[in-house]
Every structure is written in structure tokens, then in C-alpha cells.
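Both of the next two complexes hold subunit A, though its partner changes from subunit B to subunit C.
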Partner chain A sequence: MTMLRPRTLSGRYARTAYLFLIPAILFFAAFFYLPIGNVTATSLRTGPQADQWAGLGNYTQALADPAVRHSFLVTVIFSVLVVIGSIVLGLALALALDQPLKGRVVFRVLLLVPYLTSVAIVGLLWRNILDPELGVLNRVLGAAGLPEQTWLNTSPLLTIAAVTLWQSVGYTMVLFLAGLQGIPETYHEAAKIDGADPWHRFWRITLPLLAPTTLFVSVMAVISGLQAFGQAYIITNGGPGDATDLSVFHIFNVAFRARDFGYSSAQSVLLLVVIVAFTLVQLRAGRRGEVTY
Partner chain B sequence: MRKPLLYILLGLASLATVVPLLYMVSLSLQTEAETLSADAVLVPDSPQWGNYAELFTRAPFGNFIVNSLVVAGAITLAHLLFDPLVGYVFAKFRFPLRNTLFVALLATLMVPFFVRMIPLYVLMATMGWLDTYQGLITPFLMDAFGIFLMRQFIQPIPDDLISAARIDGASELRIYRSVILPQTRPALAVLGLFTFVFQWNEFLWPLVATTTPEMRTIPVGLTLFNQEYFTLWHLTAAGSVILFVPTAVLFVFTQRYFVRGIALTGIK
Partner chain C sequence: MSSHAPHMTRRDLLRLAGAAAAVPVLSSCAGAPPAQTAAPGTFTVYWNAGHDYQAYRKVIAEFEQANKVKVNLQKYQWPDLRTRLLADFASGTVPDVVEEPGGWVQEFAISGNARSLQDYVDRDGEAMGFPSDWQPVTVERNSYQGKVYGVQLHLTCNTLLYNKGMLSEAGLEPPTTWEEFLAAAKKLTKDGVHGVALNQDHGYIWPWMMQAGVTPFDPETGKVMTPIEDAIAALQFQADLIHKHKVAPVPVSSTDYSGPQKLFSAKRAAMILTGPWDLEPIKKTSADIDLGVAPPLKNKVQVTQAAGTSMLVPAKAARPDLSWDFIKRITALEVEQAATKETGMLMPRVSWAKLPEVQQDEAIKVFAEALPIAQDSTQEVRLTGQLGKWDERLKVVYQQVIIQNEPAADALRTFAEAAEGFLR
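Then we have the complex of A and B:
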């Protein structure tokens, strides 16, 4: 009998589908789409209560504001450093772990451990280690008669990028490892028979076939680099001066220390536009250059 | 490359990740004098277990722990409850606006948290939800990634299983609970582990959404403790160890799931 009423049946399943979806629709409306609407609305307003119409005033002000431009530049440099480090170190470690070695699981576990730690631990621990006066590294170097370091003063951005890598490199390594294991063994076998040395096999086979993984790693690293916050908040407080004034840290300060919700909202919308544009461009570039096995 | 060289490379890299964490443990057991002595102390003379007790008298650290457990636990449960259900709907149902809703869902993947931070703060302030568990929990009840993961996992389950159950007269909720859900256990394990660890470590939102020390989670409570008592590194280290141990223990027992989970995120 049900066979005779397919229309009603599919209608019934559609009702079930919507019934199951109600919590999700409410959640994403209330906690994603409503906030995006609100942040856009607030970005067009000014004043301590963000209730006076400002039009695009906040945007033109942000685009001309040297502090905003500086923090964006700092964030881009930070992200580029993290991306390069992720690819080079993550790939090197993955290539090493891809060999038939003893204790691979142990190495993999040890290298992944920092990825599981909170940015609070990473930040506090490395600030303690690297502190020019009280840090343990300088006390060890001093006791050994070696020159002491002041990296957090001399190259703060590079230093917090390195600390970020310390935490995340295990993650990129696992991604590259999965990519490497997806490359069919036959390509390497054939190249070996043709007399290609390991160096050539790496550049001509491994690297091109890893392109999708490399693209994914770089997209992820840029996106998380552009959103970095804890490193600046915990390790450097944006300093020295404004040398590590990462964008989200800057937005946080404008919003919650200076209490300017209109101006900070405009800045976060601008940063969102940059991130979305960047993601779409990279994914499109990746699709064009896609490799088929 | 020759094998000894590989062992050296991996050995050095592993030391670089593990030694700082071991130093953190050592620091947590030192006296205040040892943390400052010119000759750096790497292994304390006599481990000061009392540091851990002192931490609880200097800050409401018991509250931090309970708060972290409640918030990360509730969010994880919500993900385990909702993500597979929504994933199932998008994997196995045909209904009007299905593609539109799915695209709208995936689009949220591109919305970083900082964009939601200010409006969510205003929303929570308006509702009087700052400094409450519901304020800390509700913004993270579900996410598109978890739903997408579950959808990918449910899609290969044969439709015939569902049709057969329908012919047998099983209710739709029963089909989901008894036919679909049991098959998704490996994916649920990955989802639960990742959600718990990420929420346990979450820093920005608990920093923004709490004002009283009693409502802080461990990462935020510890960081603000360190700002207040910035010379008491042995206590900060003890707090870091408390924050770290649960995730480390969880990881050691489930590292296969973690590795598989990370690899899954890389597969298109």
C-alpha cells in the first residue's frame, strides 16, 4: 500500500529530516548567522554604546590607521613564517618517518604531544624558557659560559612563529605522512628501474604528487596564522613596542580594553574578508593544478 | 638517506618537543629559590609536591578544574548528540532546500571564531550569560566540521539497511539509534576525542566571556594567575601540568584515533 503513495512517503521523510534538523538550524542561525549580521551592523556604528550611525567611517578609518596596517603586516609576516616552517619541517619529519624505522610510533607520539597542549601552556612555558633575565635557557647558557640570547627582544616575531611551529609541526607531519602513504609505490619502483636517484625521485615524483597535501597544509597554516592570538597575549603582550601586535590581539584590545565595539567590529570584518578571499583563491589555484594519479 | 641520519633527525626533533615539557614538570616541583637560582636547576633536590597544594590556596584552582570539565564535557556530549544526527540527515535524506542548507552549513567553516567573538560577547551580556556555564558552552554546541565528518562516514552505509528497517515498521528515531549510530562508533570516538581536547584547551572565548575568577577555565585561570604572580613560576608550572596531564593521558591511550582523525581532515 505504501508503494502506491510515494509522494506522501517522501513528504513524510522530508518532515523527519526537518524535525531532525531543527536544533541545528536554530543553533547555526543564533550562533553563526545572527552574530555575523550583528558584527556587520555594529561595524557601521560608533560611540561607547556603538549606537550612532557611522556609515563606512570605521572602515575608512581602519584602512588608514597606521596601527591597524602595522598589525596586519605583522600578522602576514607571522603567517608566512609559520607556513614555510610547517611545510619544510613537517615534510622533512614525514619523509623520515615514512621510512621503515624502528620506533616510528614512539617518534610520532612524541612529535605530536605539543599539538595537544593548550596555547596557555605553550605560551607560559616558552616565556619562562626564553625570558632574557630569568629564563632557564639563559641560565643554562650562562652556566656553560655561552653567550646569552635575547630573542624575544631582538626578533620577537620570528621567535613566536618558532614557538607556534613547536606546537603545530606534529600536526603537519601527520598530514604529510598521510599524503606520502597515498602515493602509489609503483611510481617509485618504475623510476628506480629507470635509474633515478632518490634526489630526483623526491623532486619529480614525491613533491608533485604531494601537491594537494602541501596546498591543504599551507591553507590551514595561513588560516590559523592569521587568527593567532594567545602567542601575543601570553608571551609578548604584543611587544616589544608593537612588534608582535597580531591582528586578533589588536582587535581584542580595541574591543575589550578600549571598549570600541564599532571600530573593532569593522576590523574583524576586514580580516574575515581577507581570510575568505585568501581561502577561495588558494582552493581555486589548487583545483587548477590538481594532480591525477 | 641513511638510517642513522634519520634516527638522529627524529631523535633531535623528539627531544625538542619533549624536553621543554619535562622541564615544565621539573619546574613545578622546585622551590621558589630554585626557579630563580643562577645555576639553572633541571632536577629539583627534593620534589616540592606541596606546590600543587599551594596553587589551590592562591587561586580558586578547584573551580578552574570543575569549570573546564563541565564546559569541555558538555560541549563534547552535545557534539556526539547532534553532529551524527545532522550528518545522517544530509547523508541519507532528500528534502526541499537540502543543498542550500548544506552549503549554508559548510560556509560556516570559513568563519573564524574572532568574527563571532564581539557579537557573541554583546549577545551574552544582553542575556546576562557572561560568567555562566551556558555562556561558555552554547557557542560551541555543534560545528560544521563534525557534521561533515559524520556525513562522510554515514554515506557509505547501504540505503537498504534503512529501507529494511522502515519496512519492519521501525520509527525514524529508532532507525537512527539502532541502525545508523552503532555503525559510526569509530568516527564518534575521533569526534569526541578531538572535541574534548580542543575545548579543554580553548583560550579566547573563556577569556572574553568570564569576569570573575571563580568562572574561569584552567587555561584562562592559569594565564591570569601568572599575570598576577609572575614570579611564582613553580606554581604556574604546577598549574600547567594539571592542565596538560588529562590530554596527555587521553592521547597515549588513543593516539591511533588522533592520527587517523588528523589524516581524515586532510582528505578531500
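Then we have the complex of A and C:
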């Protein structure tokens, strides 16, 4: 036992910390790092059983494949829509519900409920609402004498981005609310005394001090946008055509429809690299913009 | 302990944690037992969620009693069943019997994931009437390199379902050709009712293509969709029903292929082109509709697509004798008879078509009479092992033309060029 005892107090603290970390390390090793290693190894192979050596062939094929490039472009557009929407709507809702309104707790809960609902249920719900022929929305619009919508056919990517926002905006609102409540009221009071109107106070005080929250929201929204799958799978099945062929959905189809596990694994690794790169760039850019008063 | 005893550093602790993390993984790799197919006493069957018939439940109960096992009937929609099955193949833990939607038997025979049933067929075939009592197309689509790998469970085909009341009100007889079909659809389209509703699922392209005399893939020449001009005309005809003649609504892309049936049941479509799987939902949801079933349409030829499900046994299934016994029991003629009586489903036995339940049912009889002209659409593609890739590309092209109104000529030529590349 003496062999394991660190000589210093900080060493003993560190040992305790590492011991507590072991379950988490085991969990991450079993469910994240090992599968990532497995996928990386599979990406170097080909064939229906992924049992033939391909080297970097799957990677060069993926980089030259128009379908992969198209699905990545679709995913980037989807992510941009979700990121911008999450920040703008989440912040707007948080600002509204940060006011001393009657029943604001009820509104907060109502806005958060979709986030607590599974993407499969949300997808089926909106699929049944938006179906041009059988959906509820067109019945309501028709009854009101308004023109009927065909968004799932005319703007499918925008539609699934809007559904994603509807589901996730409650969560970003909560994050922004927490950020708003962390800004000391004295800053606003001092600005008021100096004659700053609400618009100036928002731009000069609220928004800069919300930078860490905005950074967190944008990083999370980019990651979840690039990893989106359920929306394409449940609502549009990647269509019409390949209009909503998000990257993860595309990878899924290459693996489980076309049965090319090596090729799909290579695309997964490339997507992982892109997500890590986006995240690092965002974190670096975000830290540069941090403000303190 | 001696003061010279080495103290554990932070790095040592990390190494220890890493080693601890690796132990269960490495030990499981080193001493991994051979893959088991299922818990002893449990017989696992993957089944389509829509095919859990009482007729099959009765057979399962008898099978359980005879073999002293408990059947774990796991029900899935087709895409989920495929995902699960491929994961099982990778892990080595496989079910005992799998129902498949058509095409997987040959695909998995090629990849080595399906077990040949030829030994069992040689032993029991004559007694159970296989293959002599099965429609020839069903034996061909479940064989690979002269050996049987699967047994057909249902044999279906696609034909015309129509609302008798609507057609009679419009003074129309059921159409028999594409021209008559278009004329009828134009006359029937009014007051919020569509003359016809087409499916968003690309599988519904095939009856049209086959009626236009199109060969999906010719392995001799390596050509796809020939003659291409006829294939383009067939696809454009479908798109024109929607976008030019406006006699059909624009379908919506999804995993659900029941849209036309729902419109038909809601009396918002007068005609649909579908299979027997829609008979039961229509009868259940709209008992007041006087349902008519007409033979497949004719263009250059009168033909339709053979479809339906089969059963296969995974290569790693531990109890193939039991699996074969299950297949034998569930494909017996009296079971087919009971399932048809219960649901209206079509069956693959030749003798089934002569049963009173088939001959006396107006709707089922028309389907049964169409079976001899039903052809397999993707047999040659399946045998290349590239059906998955083919289907993915075809889905995109079909929806680009049918839903997004892109010219059929450009889309289909692009598809043919790509497919000829990966099928080579």
C-alpha cells in the first residue's frame, strides 16, 4: 500500500481524482474510443464483410464522390440554418422570458417540452402535420381560405431545419436565460444613468457578456447539426431525390442499404475530422471575442 | 515498506487505468467463445411487423410444443429489420429464421451470410411439394448457383385498385391500357378527388417499366434500362400524370408507402396501383367503398412485377434443422389457406390459386390470375451483389422526376451511366 501512496498532498488529491475517473475512462473507452478505433480500422477495408484490405482507397473514393460532397453540402446548409436559428430564436425567447411576465414559468416549460421529446416522435408528428394531402395544417389552411403549403416537396431542407429548431430552441433558450441571469444588473443600471437606451444596452452589454453562452450554443448546434440523422430518416427519408441527404443519413445508407461498411466507415472518420476541426475553429474564434468588464 | 520502494506517479496511475480499461476488452477478445445464435430453448424469428397473422401464431404454438422451444418473434419494419440483421451478421449472433422482403436471399447467399437449404429440399422437397407446387419465379428468385437458399412465404403483385362507385358515376369501365388509364384519370379528377395517386416509393416504378418492355439490366451487354427511350417514356408518363395532366397529387418522400392507400380510403383518389397488402387496410378503414380490382395495365405488354416475402436461414444459425422445420410448417397449404382467409394475402403455391377462398373472392381472384404474368424486376441486378447501391440511386432518380419534375431523359440517362459503371 505504501508503494502507491504519493508523497505530497497534491499527489494524494490527484490519485483520488484519477480513481474517481476510472469508471468514466472505462465507459468512454468501451463506448467511444474503442468503437472509433474499430471504425477507423474498418475504414481501411472493403467488401460486404469489410474483410479485404483497401488501404486509403475508401478515403480517396469518398473525397472524389459527388454524392458524398452533395450530402456534406446539404449538411453544412442544414447546420448553418440550425445554428443561426438557435442563436437568434433562443436569445429572442430568453430575452422575452427574462422579463417579469405573468406565467413565464409555464412558457419556459412549454418551450422546453419539445426538447425532451424524442426526435422520432417529433419527426412523425411534423410529418403528419405537414403532409400536403393528408396533413392537419393544410386542412386548417383550407378551412381558413388560405393557400395550401407543400413545404416537404418545395423546401424540404428548410422544413427539416425548422422542425429541428422547433425541437431544440427551448434548450438554447434555457442556456441564454442562465447567461442573462448571470449578468450583474449594476452594468445595466450604470448604462441607464449614462443615458444608454435599451437597444444600446443590448448591443454593448448583454450581447458581449453573453459571448461564452453564444459560443457554447453555437458549438453544440454545429456538432448536432453535422450529426443530424433522425430528421432525414423519419420526415423525408433523405428526399425528395437527395435534397435532405444529410451526411450521417448518407453514411447510414452506404452501410446498411448498399452494405459497404468500409466505405461508410471512411466517411464517418472524415465527418469526425470535420466536426473536430469546426469545433476547434469555433472555440478559438470565440475565445478571441470574449469580453470582461 | 522500504523507503526505496518506488512511488506511483500520475503517469503510472494513468497507465494503470488504461491497462484496467483494456483488460476486459482484451480478455474478451482472447477467450471469445464461438458465436451463439440464441439462448438455449429460445428460437428467434425476425418477422415483418405487418405479417403477424393469427394463422402464423397457431403454427408457432404447434412448433413450440413439438420442439420444446419458445419462439421469440421479433417484429420489424423492413429497413429496421435489415439494419438489425446486418449488425447481427457482423456480431455473429444471428436469429434462426428471417423473413425478407424479396432480394435479400440471393444477396446474402452471395455474401455467405445465408445458409443453403438444398440438403433439406433434397430430403423433404417432394413430400412438401417444393419446388413443384411453387410458382417457378419464386424458386428462381430464392436460388443461387443451382442451390435453394430461401423459401417464398408470400407471392404478391401490383395491379389496379379502383373505386367502383366513382368509375360508374363517371360512366367508365376499368382501364386496360395506359391510354385508357390516362383518359379515366382525367375524367375522374374533380371536386378534390384525384384520378389516381402514385407512390413515392421507387419500387412502384417497375410495373410501368416492365409494361413498356424495359429490361432493367442485361448482364450480357452490361446495359441498364434498355431500350432507354422506352424507359424514359415510361418514367415521363408517370411524371406527366402528376405535373402535366394534374390527375395525381405530388407524392411526399418518406419511408411510408401507404400514402396512396390512405388517399383511396379517404375517397380522395379514385384509382391506385398497388398490391394485396392494401386490401385489408381499405376494407378496415373504408368498408363503404365498393372496391374493384382490375388486371395489370398493358402498354407494349401486359405484365406486372412479382414481389412478396421469403424466409432464409442465416449461415451461422445454430439449429438449422429446427429452422427448416419452422419453414416447412409455415408454408403448408392449409396455413396459406388460413392466412389468405384472414388477410387476403397472396401465396406462392400453385395449388393455392385453385383454393375456393381464392376463386370465390372477387379481389383475390384477380390478383391470383395476374401471378402467372408477374416477373421479377431486379433478379439480374441482385446477382451482381449491387442491389443496395442500385436501389439508392434509383430512389433518387425516381423522386427527382416524379416529385421534383426533372426531365426523365436526363435523370434516367445519368442513372444508367452510373449503374453500368458499378454493375460492370
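The definition used in the following text is that the second predicted complex is superposed on the first by the 265 of 293 C-alpha atoms of A that agree within 3 Å, B and C clash if a C-alpha of one lies under 4 Å from a C-alpha of the other, contacts with A are read in each partner's own complex, and residues count from 1 in each chain.
Simple rule for what comes next: a residue touches a chain if its C-beta (ideal position, glycine included) is under 8 Å from a C-beta of that chain, and two chains touch if they have at least 3 such contacts.
Treat the numbers as computed from the prediction; the structure is a model and nothing was measured.
Engineer: A:F256 in the overlay: touching subunit B, subunit C, both, or neither? Say first, second, both or neither.
Structural biologist: Both subunit B and subunit C are touched by A:F256.
Engineer: May I ask you to decide whether A:L175 touches subunit B, subunit C, both, or neither, giving the answer as first, second, both or neither?
Structural biologist: Once the two structures are laid over each other on A, A:L175 reaches subunit B alone.
Engineer: Quick one: classify A:D242 as touching subunit B (first), subunit C (second), both or neither.
Structural biologist: In the superposed model, A:D242 contacts subunit C only, not subunit B.
Engineer: Please work out whether A:P147 is in contact with subunit B alone, subunit C alone, both, or neither, and reply first, second, both or neither.
Structural biologist: In the superposition, A:P147 touches no partner, neither subunit B nor subunit C.
Engineer: With the two complexes superposed on chain A, say which partner A:L134 touches: subunit B (first), subunit C (second), both, or neither.
Structural biologist: both
Engineer: Which partner does A:L34 contact after superposing on A: first (subunit B), second (subunit C), both, neither?
Structural biologist: both
Engineer: If you stack the two complexes on chain A, which partner ends up touching A:Y18: first (subunit B), second (subunit C), both, or neither?
Structural biologist: Both partners, subunit B and subunit C.
Engineer: Which chain makes contact with more of the residues of subunit A, subunit B or else subunit C?
Structural biologist: Ranking subunit B and subunit C by residues of subunit A touched puts B first.
Engineer: So which positions on subunit A get touched by both subunit B and subunit C?
Structural biologist: On subunit A, the residues that contact subunit B in one structure and subunit C in the other are 14, 18, 21, 25, 34, 134, 233-234, 255-256, 261.
Engineer: Tell me, which parts of subunit A touch subunit C in their complex?
Structural biologist: Counting only subunit A, the residues touching subunit C are 1-7, 11, 14-15, 18, 21-22, 25-26, 29-30, 34, 48-49, 127, 131-134, 150, 152-153, 156, 233-244, 253, 255-261.
Engineer: Per the contact definition, I'd like the list of subunit B residues that touch subunit A in the complex.
Structural biologist: Going by the criterion above, the answer is residues 1, 3, 6-7, 9-10, 13-14, 16-18, 20-21, 23-24, 27, 36-40, 42, 82, 85-86, 88-89, 93-96, 98, 101, 104-105, 108, 110-123, 138-139, 141-142, 147, 172, 176, 197, 200-204, 207-208, 218-220, 222-223, 226, 233, 236-237, 240, 243-244, 247-248, 251-252, 255, 258-259, 262-263, 265-268.
Engineer: Which residues, counting only subunit A, touch subunit B once they are in their complex?
Structural biologist: Per the touch definition, subunit A meets subunit B at residues 10, 13-14, 16-18, 20-21, 23-25, 27-28, 31-36, 38-39, 42, 92-93, 96-97, 99, 101, 105-114, 116-121, 123-126, 128-129, 134, 136, 139-140, 142-143, 166, 169-171, 174-175, 177-179, 198, 212-213, 216-217, 223, 226-227, 229-230, 233-234, 248, 251-252, 255-256, 261, 264-265, 268-269, 271-272, 275-276, 279.
Engineer: Where on subunit C is subunit A touching in the complex?
Structural biologist: Against subunit A, subunit C makes touches at 1, 5-8, 10, 13-14, 17-18, 20-22, 24-25, 79, 82-83, 86, 89-90, 107, 111-112, 200, 249-250, 252-255, 259, 262-263, 266, 268, 385-386, 388-389, 391-392, 395-397, 399-400, 403-404, 406.
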